[in-house]
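In what comes next, subunit A is part of two complexes: it sits with subunit B in the first one and with subunit C in the second one.
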Partner chain A sequence: MKINRREFAVLGAGVSAGLAMPAIWTGARAQGQPIRVGCSVSLTGALASTKNSLIGYELWRDDVNAAGGLLGRKVELVVYDDQSSPAAVPGIYSKLVDVDKVDLLFSPYGANLTATVMPLAKQRDRIIIGILTLASNDRLKHDKFFQAAPWGPNGAEDWARGFFDLAIANKLQRIAIIAADTEFSKTAAAGGKRVSEAAGLKVVMNQVYPPTLNDFSAILRNLKAAEPEAVFLCSYPPDSTAMVRGLSEIGVGESVKLFGGGMVGPQYASLLQTLGPALNGIVNFHLYVPEPTLKFQGIEGFLTRYQAIAKERQVDPLGFYIPPFCYAAGQMLSEAVKATGTLEEAKLAQWLHGNPVETIVGKIAFNELGDWTERRVLMAQFRNIAGNDLEQFRQAGKQVVLDPPALKSGDLVPFAKARA
Partner chain B sequence: MMLIDLAANALASGAALGSIYALLAMGLAITFGLLHVPNVAHPAIVVAGAYAVALANGYGADPLLAALLLTVPFYVLGLGFYTFYSRAFELRGRGNSLQSLTLFFGVALVIEIGLVIAFGTDLRSVSVPYVGQSLSVGFVTLPYRFLVPALVTPAVILALWLYLTRTHGGLALRAVAHDERALSISGIDPSSVKRHAFGLATALAVLAGAALIITGPVDPFTDRSLLGRVFAVVVLAGLGSIPGTLVAAVLIGVAEAFVTTFVSPSWAPGVAFAILLGTLGLRPSGLFGASR
Partner chain C sequence: MMRTGTFATIAVLLGAAGFLLPQVVANPYYFYAGYVVLQYIVIATGWNILGGYAGYINFGTSAFFGAGVYTSAYLMQAFEAPLVVQIVAAALVGVALGVATGYLTLRIQGVYFSIATLALVVVLETVVHNTEALGGASGLTTIGPPPPAWFKGQTQYVFCVMLVLALLAVVIARWIETSWLGRGFRAIRASEPAAESCGVPTLRMKLIACAISGGIIAAAGAPYPSYAYHVEPVSAFGLLIALNALAMPLIGGTRSWMGPVIGAVLLGTIQQVATVTISSEYNILAVGLLLIAFVVAAPEGLLGLLSAVRGGVRWSAKPARKPA
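And now, the complex of A and B:
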């Protein structure tokens, strides 16, 4: 059979079109498909109290979609329950990447779970936003990791440094360090000890206790005997509660001017409500409190919407601690996509490294490890707490920011005076 | 603070803490100590009891009073629990320790998950006027949140001891622990006695739950930190010895308090097991094992 030139040209065009069709079809289909953002959330298990992070993601998704989406495409969340189990996380993220083919990733909550997904993120060279995870990128140094929480550079040791800076600024000389026997607490305590000694503070007591301890009477009596001026406590919710109750029952001595620092628990509504006035005078870390110095663009509207949903879903009714930072994690991605006009992860990472992002938790700039360039963990003092009504914690003046100086809303009131 | 002050306070705190440990272990002293059923779900039932008490406290009920009323539904729950265990295992000849352990671990997990679904994972606590206050006698200061539940234990143990030694039901319960077959020959159904014993142990769990939640907040997984200690108390006392449970628990509590005060709090969790190992080495039946 003979083929003339015209027939050959038609045939060639047909074959070329046929070969190109899958790519054209896939591209066109991808253009119409939503941008998928994947993560695991601890909906069940020991960390299920962090499941309110999902509300932060959902509100971000809804806001982006209401504004027309990203690159003209809707945003869709792909979320799985990791059951608070580090063992479940690698499988979930492999599925997100290989089967669900998500475009972008948020990490699970916290360092323990995130540690299990970081090797995958680095190996596949994927961009991933860390959700309140501490020092997860210090060893891997993945250039596409970005932190959504304000732990700052050298966060593992320095996240609670504001407490020690306060002790130094208030010319306190004698400090006691008490930490639960866990990695998170002990690292912060070690960092605090180093800072204290460097500043010339005398560490009069350095005590580690088992996380199951419920009776702090003996520790408090030993504390009284040591007569510290500042007491740094790094504890978890049950022991934070036991210690706060112990303060009322046994006391801590007249010498103490500054107490608290690294107590996990008083960030959540359930403990605030339980402990009420017993919290007065304590200076503790937080990530957001409703003080006039923290009126970032959009935060109040976000919290109003969050609180309505939280009531319905029976999760933390205040939502100051985790959800705003999940929304901000979404903003980091959407701002980078909008600015670069692409989903190419190398370009997104490059943009995030080079440009600060405006979010509902303030302006964020990243260092080479993806941590915030400035530590912005708040040290706030509980004041004028009366009764156990939760509403009071939505008002300014109940958790006064003492550090960092740029966000300060008041000065330290000595511990005993603030409790009087 | 003088050494004698610290020692006196450690003794008082330790005794109170030990008394609470005894209450936590009391149900297990019946199921494991008397019936030899390794009910590892007991701490989870205690935590479920604590949640029930917290729920009642939300309506203004005093935790201990609420617990007293809740003993009735928990007793019935215990009857049902044993009926299930008996039908699924004992009557089919599968009541060996390993299989029972598996079943009760499963039950503990189901209770934990049930609590998470029903109440979430937030810490739950109760509101009572005496939490945050202390009793001071001389240089000894004891928080009421430890003192009040600690005082409940001797009363419970006395009532239980009187029941076991002075009533036919109690004698039957002790008899079933010694010789089940002999009991059946005398015309008493051992299963029904065991069912009643399980009911009793479950009812005691709600009292222990009240004591637990008065001392501090609980979450659905609190049972995991209690398991080792309550077993240590029961084994140290000697299986089946009810008053011995109080002595063993107080011994552990005081030792923990002294270690916390004078050595390091980090060592305290190991104290119960160190005492247990030391005692079992010298006296394999436990402190009061021979007296049953």
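And now, the complex of A and C:
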């Protein structure tokens, strides 16, 4: 069969168009496709109480999409359940990066889960926002990691430093340090001891207890005998509950003016409701409380919307601890994308390192490790808690911020007086 | 029983195919998922030597796995030991742990032995929690040297290493099944007093079973620090490992080396797919439902079911028995 020049040209053009079509189609499709943001969330397992973080991400996505999306494209979340298991995380993040081809990443919740994804993020040179992780980038020093939580620089040792600063500011001389026998608690306790000794405070008791302990009567009696003025307690929800109950039953002695610091548990509605007035006087860390000094742009509207969804999904009804920081993690990404006009991760990281971001949890600036340049962990004192009604915790004046000074909403009331 | 020549050919071909895979498959995700399935082949095969062949149900698989994980992680951290050394050391620790556990517990039988193995998990996890050199509760970050260039990535490398371990575990299990050891284990499983009266050194045989089983399971844990880059006690001593180690041989069949392999491939794949499709919480549900289904409908596992369907054509030379 012979073909003439015209037929050859038509045939050539047809074949060329056919070969080029997949590329043209894919390119056009990519332009119209949503921007995919991927992460794992602990929907099941030991950390399932943190699954309300998903509401934070969803509300951010909805707000961005309602405002027209990013770079003219909708934002889509790709979320998998990591079962609270670090073993599941590497596979999930490989799926997100290699199969789902997500554009941007949030880390899983907490340090142990995030530790398994950081090497992958560094190897692939991906931008990743850390969700309440602690010291996750200290070793790898990945230049595209950014922290969504306010632990500040040297967070592993200093996240609870506000408590010790309060003791020093209130001229308390004798301090007791009690920590659960876990790395998180012991590191904070060691940091606190260092700060106390540097400031000339006398550490009258320094005790580590097994994480399974649920009877604190012996420790409380030893505390009474040691007559400290400040007691730093670094505990987990079951032991926090046992200690607070022990305080009501046995007491801690008249000498104590400042008690608490690093108790995990009273950040969540379930424990607040259970312990109620027994919390009065305790000064404990938190990341957000509804005080007038923390009226950041958009936080109240966020919490109103969160609380409606939380009721429906039967998760933490207050949502002060994690969800606002997940929303803020999204804002960090969207602000960087808007400012740079690109999804190129090197440019996004460069912009985030160089510019503070306005979020619903305040203005955030990052240091070279991606941690906040300023520690903004709150030390708040429970006051005037009456009964077990959860509604009271939505009001100002129930968790008064004592530290950091810039966000302070009141002064320390001595422990015994606040409980009277 | 598959002929030795055929078995060896298939094993060599699988090994070669696995080592060529990084050159053919570009997407690392399949190696992540494949690693987990292969890891369970090793664990299930190791478990089956004591639980299936000798009939001693071990609920403490995660203790052996965790011991392997931490041996490897410690050697990597403290001495920058290469992966081969980590695996050998982990296997030796597993053997020692198996012998020690066996010696202390094998005089008790049946359900009491199983409960004692559970205690081992609690003991080891508590030791790790309280040992600073092992990272305590927060664990150890374990970033080793880059893998050989051939593998094109760390995940591909640990996948191939786990493939070799899986092949070795299956070879050992098959050898045991056909050797004097297997006959001794089967005698113990059928009736320990009868075996003893026939001259089978039951205590020694059980110690050997514990040692081999422990060594294989611990070796399965050794590449984990290189896979996950971080080890901590909750994952290393996790319930899911013990549950899968038990479920996979039961689903595949405990009488033959092929049973744990089939169970691990089937259940491991279902779990990997469920994690990224339906929901992870269906993982444990899937294991539970499959276990119930097999206990009720096919107590001899898939291989037993197949034999029954074929009307007496057996995979192994042994007659099918009711479970002990």
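Brief remarks follow.
As a working rule, the second predicted complex is superposed on the first by the 396 of 420 C-alpha atoms of A that agree within 3 Å, B and C clash if a C-alpha of one lies under 4 Å from a C-alpha of the other, contacts with A are read in each partner's own complex, and residues count from 1 in each chain.
We adopt the following convention: a contact is a pair of C-beta atoms (placed from the backbone, for glycine too) under 8 Å apart; a residue touches a chain by one contact, two chains touch by 3 or more.
What you are looking at is a predicted structure, and each value in this text was computed from that prediction instead of being measured.
Legend: residue contacts after superposition of the two complexes on their common chain; A:163 is shown touching neither subunit B nor subunit C. By the touch criterion defined above, A:288 lies against neither subunit B nor subunit C after alignment on the C-alpha atoms of chain A.
In the superposed model, A:46 makes contact with both subunit B and subunit C. In the superposed pair of complexes, A:306 makes contact with neither subunit B nor subunit C.
Applying the stated contact rule after C-alpha superposition, one finds that A:106 touches neither subunit B nor subunit C. Of the two partner chains placed by superposition, A:145 touches none, neither subunit B nor subunit C.
Residue contacts after overlaying the shared chain place A:92 against subunit C, while subunit B stays out of touching range.
With both structures placed on the common chain, the touch criterion links A:81 to subunit C but leaves subunit B unconnected.
Once chain A of one complex is fitted onto chain A of the other, the partner contacts of A:115 are limited to subunit C, with no touch recorded for subunit B. Looking at subunit A, you'll find residues 44, 46, 181 touch subunit B in one structure and subunit C in the other. Contact residues on subunit A toward subunit C in their complex (touch as defined above): 43-44, 46, 80-83, 85-92, 94-95, 98-99, 111-112, 115-116, 118-120, 123, 139-140, 181-184, 186, 211. The touching residues of subunit B, counted against subunit A in their complex, run 1, 5-6, 9-10, 13, 17, 113, 116, 120-125, 127, 131-134, 141, 143-146, 215-217, 219, 221-222, 225, 257, 260-261, 264-266, 268-269. Those residues of subunit A whose C-beta lies close enough to touch subunit B in the complex are 44-49, 181, 207-210, 212-215, 217-219, 221-222, 224-225, 237-238, 241-242, 245-246, 248-250, 265, 268, 270-271, 274, 278, 314-316, 388. Interface residues of subunit C facing subunit A in the complex, by the touch rule stated above, are 27-29, 32-33, 36, 129-130, 135-139, 141, 143, 154-155, 224, 227-230, 232, 234-235, 238, 240, 272, 275-276, 279-281, 283.
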